[in-house]
Amino acid sequence: MTDQPAIELVGIDKKFGAVHANKDINLTVAKGSIHGIIGENGAGKSTLMSIIYGFYQADSGEIRVNGQPITIRDSQAAIAAGIGMVHQHFMLVDNFTVLENVMLGAEGGALLARGVASARAELKRLETEYGLEVNPDALIEQLPVGLQQRVEILKAMYRGAEILILDEPTGVLTPAEADHLFRILGVLRDEGKTVVLITHKLREIMAITDTVSVMRRGEMVATRKTSETTVEELAELMVGRRVLLRVQKGEAKPADVLLSVRNLTVKDNRGVTMVDNVSFDVRAGEIVGIAGVAGNGQSELLEAIAGIRKPASGEILLDGQPIDKADPARLRELGLAHIPEDRHHMGLVLKFEEYENSVLGYHHRPEYSRGPLLDLEAIRKDAMEKIEKYDIRPPNPRLKTANFSGGNQQKIVVAREIERDPKMLIIGQPTRGVDIGAIEFIHRRIIEMRDAGKAILLVSVELDEIRALSDRILVMFAGHMVGEKTPDAGEQTLGLMMAGIAA
Amino acid sequence: MSTASVTLPRWINYGLIPLLNLVVAFLISGFVVWLIGESPLAALSLLIEGAFGSGEGIGFTLYYATSFIFTGLSVAVAIHAGLFNIGSEGQAYIGGLGCALVALSLDKYVPWYVTMPIAVIGAGLFGAAWAFIPAFLQAKRGSHIVITTIMFNYIAAALMVYLLVHVLIVPGKMAPETRTFLEGGQLPKLGWIMSLFGAKLGAAPFNVSFIIALFAAWFVWVLVWRSKLGFDMRTLGISPTAADYAGTPRARIIIIAMLLSGALAGMMALNPVMGSSARLQVEFVGGAGFVGIAVSLMGRNHPLGIVFAAILFGVLYQGGDWISFEMPNITREMILVIQGLVILFAGALEYMFRPAMVLIYQQFKRA
Amino acid sequence: MEYYEIFINVLSSTIRLSIPLIFTALAGLFSERAGIFDIGLEGKMLGSAFAAACVAYLTGSAWAGLGAGVVCSVALSLVHGFASITNRGNQIISGVAINFFIAGITIVLGQAWFGQGGRTPQLAPEARFAPIILPGADAIRDIPILGPLYANVISGNNILTYLAFLAVPFSWWVLYRTRFGLRLRAVGENPGAVDTAGISVSWLRYRAVMCAGILCGFSGTYLAIAQSAAFIKDMSAGKGYIALAALVFAKWKPVPVMFACLLFGFLDALANFMQGKAVPLIGEVPVQVFQALPYILTCVLLAGFIGVAIPPKAGGVPYVKER
Amino acid sequence: ADIKPALVYGTGGKFDKSFNEAAFNGAEKFKKETGIAYRDFEPTGDTQGEQAIRNFASRGFNPVVAVSFAWTSAVEKVAAEFPDTKFIIVDSVVDKPNVRSVLYKEEEGSYLVGILAGMASKTGKVGFVGGMDIPLIRKFECGYEQGARAAKANIEVFQNMTGTTGAAWNDPVRGGELTKNQIDQGADVVYAAAGATGLGVLQTAADNKKLSIGVDSNQNHLHPGSVLTSMVKRVDLAVYNAYNDTKNDKFTAGVQSLGVKEDGVAAAMDDNNKPLITPEMQAAVDKAKADIIAGTIKVHDYTTDNACPK
């Protein structure tokens, strides 16, 4: 075999309307290597990979596979070229079996009957060869995320991928599961296959990649041999300036209990128990962080406390009075503010103008209304004040919210919830999809709130964020609180707890 | 690159693009006319002549427009709450019952200006009541409101005929209709408005309900863009999850929105029942409820746009009658054809020309 | 009249009235399982009925009529596809538009061509699908129980009736046993999965709506040239919507769809049968009650008092990759 | 006087082989005889009649004939607006000095065909399928029932109405289903008074080798050998007379009701149904006719008390 690079990108450029997601990208991935790509959220990593996989079309630029320039019009072409991809957001049919998902698009014949047999055989082979075991007849919706991801990998392998792209595969995995994944990737590399691994967790990069490329704001800013670089250098490249990986904060002065959760059980829409008999307190003047891998019940817990999801049993007390029956509107009255995990679908109405979102949920308040009508002057004035105070750009309350960038969108939500000066603040993924500048800003605001004697409950899948902000850390696994730790607890111990291996 | 997230100036979004859609709809209609073997241009000039040729023509145009304003608003209010109410037809039909009952019981005793407000309420209440069950089923049971409202159109038809044939009919009369209302149950015509422009209204039943319609349009504007309820409705309509987060009571908003929608549809009955025929007749709605869908979409669900779109359809109806009279080959259902095409191009295909627009627009900006 | 006879009569009437529903509901099944809602079934049915009647009248051949019906309905499906797949328009609005357009155009053309108030001329027997008397039907007619059942219910229907009942297992087979079916079900649940598997979402959905078109063509044809002998304006009379309700009620599954449609057909038959008869306990009931009955029941069923149905996940949502 | 006659049909179309076609024939007859052209209009929806009538009047057409009760209120209004124009309304009464209202004693005609049905029926069961459920149609049904009884005292009469909206005049599918129902229940003669819906009735009767009775126009030719007779309602007379009288300045306002006596209604006899009509039947019909004219038989009119004697 020639040692042509597996993938070569020349001048790839991609715009999404106003957003310049990829700017003239050049990249070379050597055959038989694990190539890491890091970058802030929104840097353009997924976009770039989706272009290689033929999911998006580049506006301009050339793709070469094994030295051959090829045009990848759709994923079919990519698959034909031996490229497989595990997407950041899984591309599985929930009510299909593993087998059906694997076969989809590679059924081998107009009738299913024949394909099924061979597919089973092939799955067996892959299982034994790479230790990718999963029951072929299980329904996807009944599999834990870890296994779902495995199905995605199987899909790629089944199609005989020589080049495997994984887009932030570890976001949904415990450290232990991640390590298992990395072992598999190692095997693949030794088989001569090429792996492209996207993540923004530096630790993982250092752990298994041979080469690493850094993206920032849609540009490819650097490529390094992993052995010749350091975490600090990468972090700096990623962000464009020195980063203080820790936020300064003084000692917490916890006062009396504000929020207390008692034997809370919450089910999701499918009726599956996601939060199982959980109890904890949050005191005024402290930040309680809930660590855990995505999908272990944190979302449901937040929604239950915020009054969006009715608990199955148990009780929630705010200032001693039960609130598990109250709806979000009522809770705001009681001084409980909520920064939701998903700003695009919950925190904001993207089609609204900025000023409308700046009062979403509070628009019934007397100061914003005259009788049954809205008091637009008051609202716009108020919105403008927040825009200045939080440096939201562009400073235009009449602009459609969708046209603000993620970080600025997040600032709109944060401003709205914090400026109401609540007693209790519950926060989900405060900095997801937000650039570092905004991250620091938002972190500082949160600390200020604490020092102002507010009670704060913080949920984040970013362990670093949890450790940076929290005064106490609760670890959640499979709907249970598996334990409490102080921020100085080691990543190792927390990681084990997140994996359900009690500490 | 995708043009979807490029923002265009208002005059293109709300002016040029709807206009383009409309033009295409008309071109195809013209083709149909040609297919029948008549001259599209002749038809067009007849359309104009019929609709604007005389004070009477204009009167009829505005008379039809009045009904369409009501039904258009009815559809729009529901759409803003994310509901597609195809039941305006039936709600208007039942609204007619409410309006007629008021007229029948009061016309002997009081003058029209006393009857009217009560009739407005009666019609509104009955229309709202008819919208309630589908609303409730949607809110509490999640049953598809599009289908339920259609079903309720059929049920309304059966109910009304039963009442007209067996209860409200004047004994010994053939036609299933109520007795003619007396003065006190008839809405005065707006001849004076016409005479301001030196035109004569003639027999056209253009009446005061037109003014009520304009008032309703203003009311809807305030409701949707200036009131807290409207804010809740729009939040729910655009993003139900955001509504949950904001603590907007979904079920209640859905029901309120549908009640308002039904009430507006019901008030439409004033125009034909008290304003024109002065009696309740079988099938008096005559499809106005469905026209409301086209009107609302044409008008981008905005009251002002709806008023204009309603007048446009008034022109189609009046002019259409003229055409079908002069060109016996072209029946009045031609309007349904145009209606369908307008809904298709202004509604389902509203973005067909957008990418092109964006590119052209960007060319201009460069230059 | 003797009860078993009544039963037989209502049953045969039920079947006659269910056929258009079955074809139409199956049409909706293909479309909605692929994630394309189709309120336009009503219009497709009406349009194909008109096309079938015209062509059958002109050519004097029922089969030519069927062909025309199918072509017309497929063409309409493509319009719906163009609006909702290619242009990502609102599927419900597109369907409603088609319904209006057809409701008008059929009358306009019909009146212009035949001058019978939007009707098409009566068809000669050979231009219609005549009842097929199965072998031995008359022979065993007088055997108690089985005789009437075979002679009046099983035998004596037209070819389309038998096709409708064949279409049910066939649809099941296509959906669950073929590659096309697998992909079709997938695209209705998660188009992304189909797309990343290298399959064109648009083309797949276009094929799905075309299947819908073909089936609707059959139902329309049945209305015009099998069940009756001409096209009559608005002859679909809301059957398209009722078929949709049946589809929801049947939770988007072929065999249950058939039973749901038979149920609605039965109601209609009962409505006709009960007219002018005294209902036990209640006594004489106004005609209108029976005429409204199917519509009322539709709502009752949709209210999901028989268990709520979950539509295909991606249903009604246009597939958008780039915001 | 020279006149400009106009004609507005009922919904259902000019060539409905029934009601409207009869009116059309009347106008044609007048045209043939006098050479005076006329203008006609086919509304396809209930909302159109009024404007059509007004358009004719305002264009100086005179007289204007509106066939169908559906245009009652329309004529009422327009007649007031154009006092010098003469209007003729069929099947309904409008009390205005310039309006002639032409009514038909459908009960009498229906009585005659009822007798034929009663005599032709072997099962002792006959059927009636009406269009829209309105008093007018009940009137047909009632007369039919009385006639059938007169022929066979213990006869059973099934009756169905097709629908509750204007669509009921235009729904042969349902008409056919209802007919099939009645046939399944044993009816072997079915009388259709349902406009175009009737076509479905006659079709189904023919398909099932049973007898049917047409209405308004002579429909015997539609399915020879299956259509027993037709209750012809001479709408053509109303139109023809209206034009003629106006032409000869003999127009009279007020109510004209045409029954058996005036030849306004009759049971159609021609070569198409000759084989089906036995001499006894013929005799019975002729006798009934005579009795009605003589007044010895009084056929009850449903619309007088909205009830039918059982």
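Note that the chains take the letters A, B, C and D in the order they are written out, and that residue 1 is the start of every chain.
Going forward, a residue touches a chain if its C-beta (ideal position, glycine included) is under 8 Å from a C-beta of that chain, and two chains touch if they have at least 3 such contacts.
Keep in mind it's a predicted model, so treat the numbers as computed, not measured.
Listing every chain that touches subunit A and subunit D alike gives B, C.
Interface comparison, C-D versus B-D: the pair with the greater number of contacting C-beta pairs is C-D. A separation of 37 Å divides the Cα centre of subunit B from that of subunit D.
Between the CA-based centres of subunit A and subunit B the separation comes to 47 Å, rounded to the whole angstrom. Subunit A and subunit C have centres, each the mean of its CA atoms, that are 46 Å apart. Residue positions 16-17, 402 of subunit A each touch two or more of the other chains.
Annotation for subunit C: residues 107, 111, 118, 288, 291, 321-323 touch two or more other chains.
Residues of subunit B in contact with two or more other chains: 2, 4-5, 158, 161-162, 331, 333.
According to the touch criterion at the top of this document, the contacting chain pairs are A-B, A-C, B-C, B-D, C-D. The residues of subunit D lying in touch with subunit B in their complex are 41-48, 51-52, 54-55, 69-70, 72-73, 77-78, 81, 91-93, 132-136, 164-166, 303-304, 306. Interface residues of subunit C, counted against subunit A in their complex, comprise 177-183, 185-186, 189-190, 192-200, 313, 321-323. Of all the residues in subunit C, the ones that touch subunit B in their complex are 39, 79, 82-84, 87-94, 96-105, 107-109, 111-112, 118, 238, 241, 244-245, 248, 286, 288-289, 291-292, 295-296, 298-299, 302-305, 308, 320-323.
Residues 11-16, 20, 42, 44, 133, 158-161, 163-164, 167, 170-174, 176-178, 180-181, 184-186, 196, 199-200, 203, 207, 222 of subunit D touch subunit C in their complex.
By the touch criterion given at the top, residues 1-7, 222, 226-229, 231, 234-235, 238-239, 241-242, 244-249 of subunit B touch subunit A in their complex.
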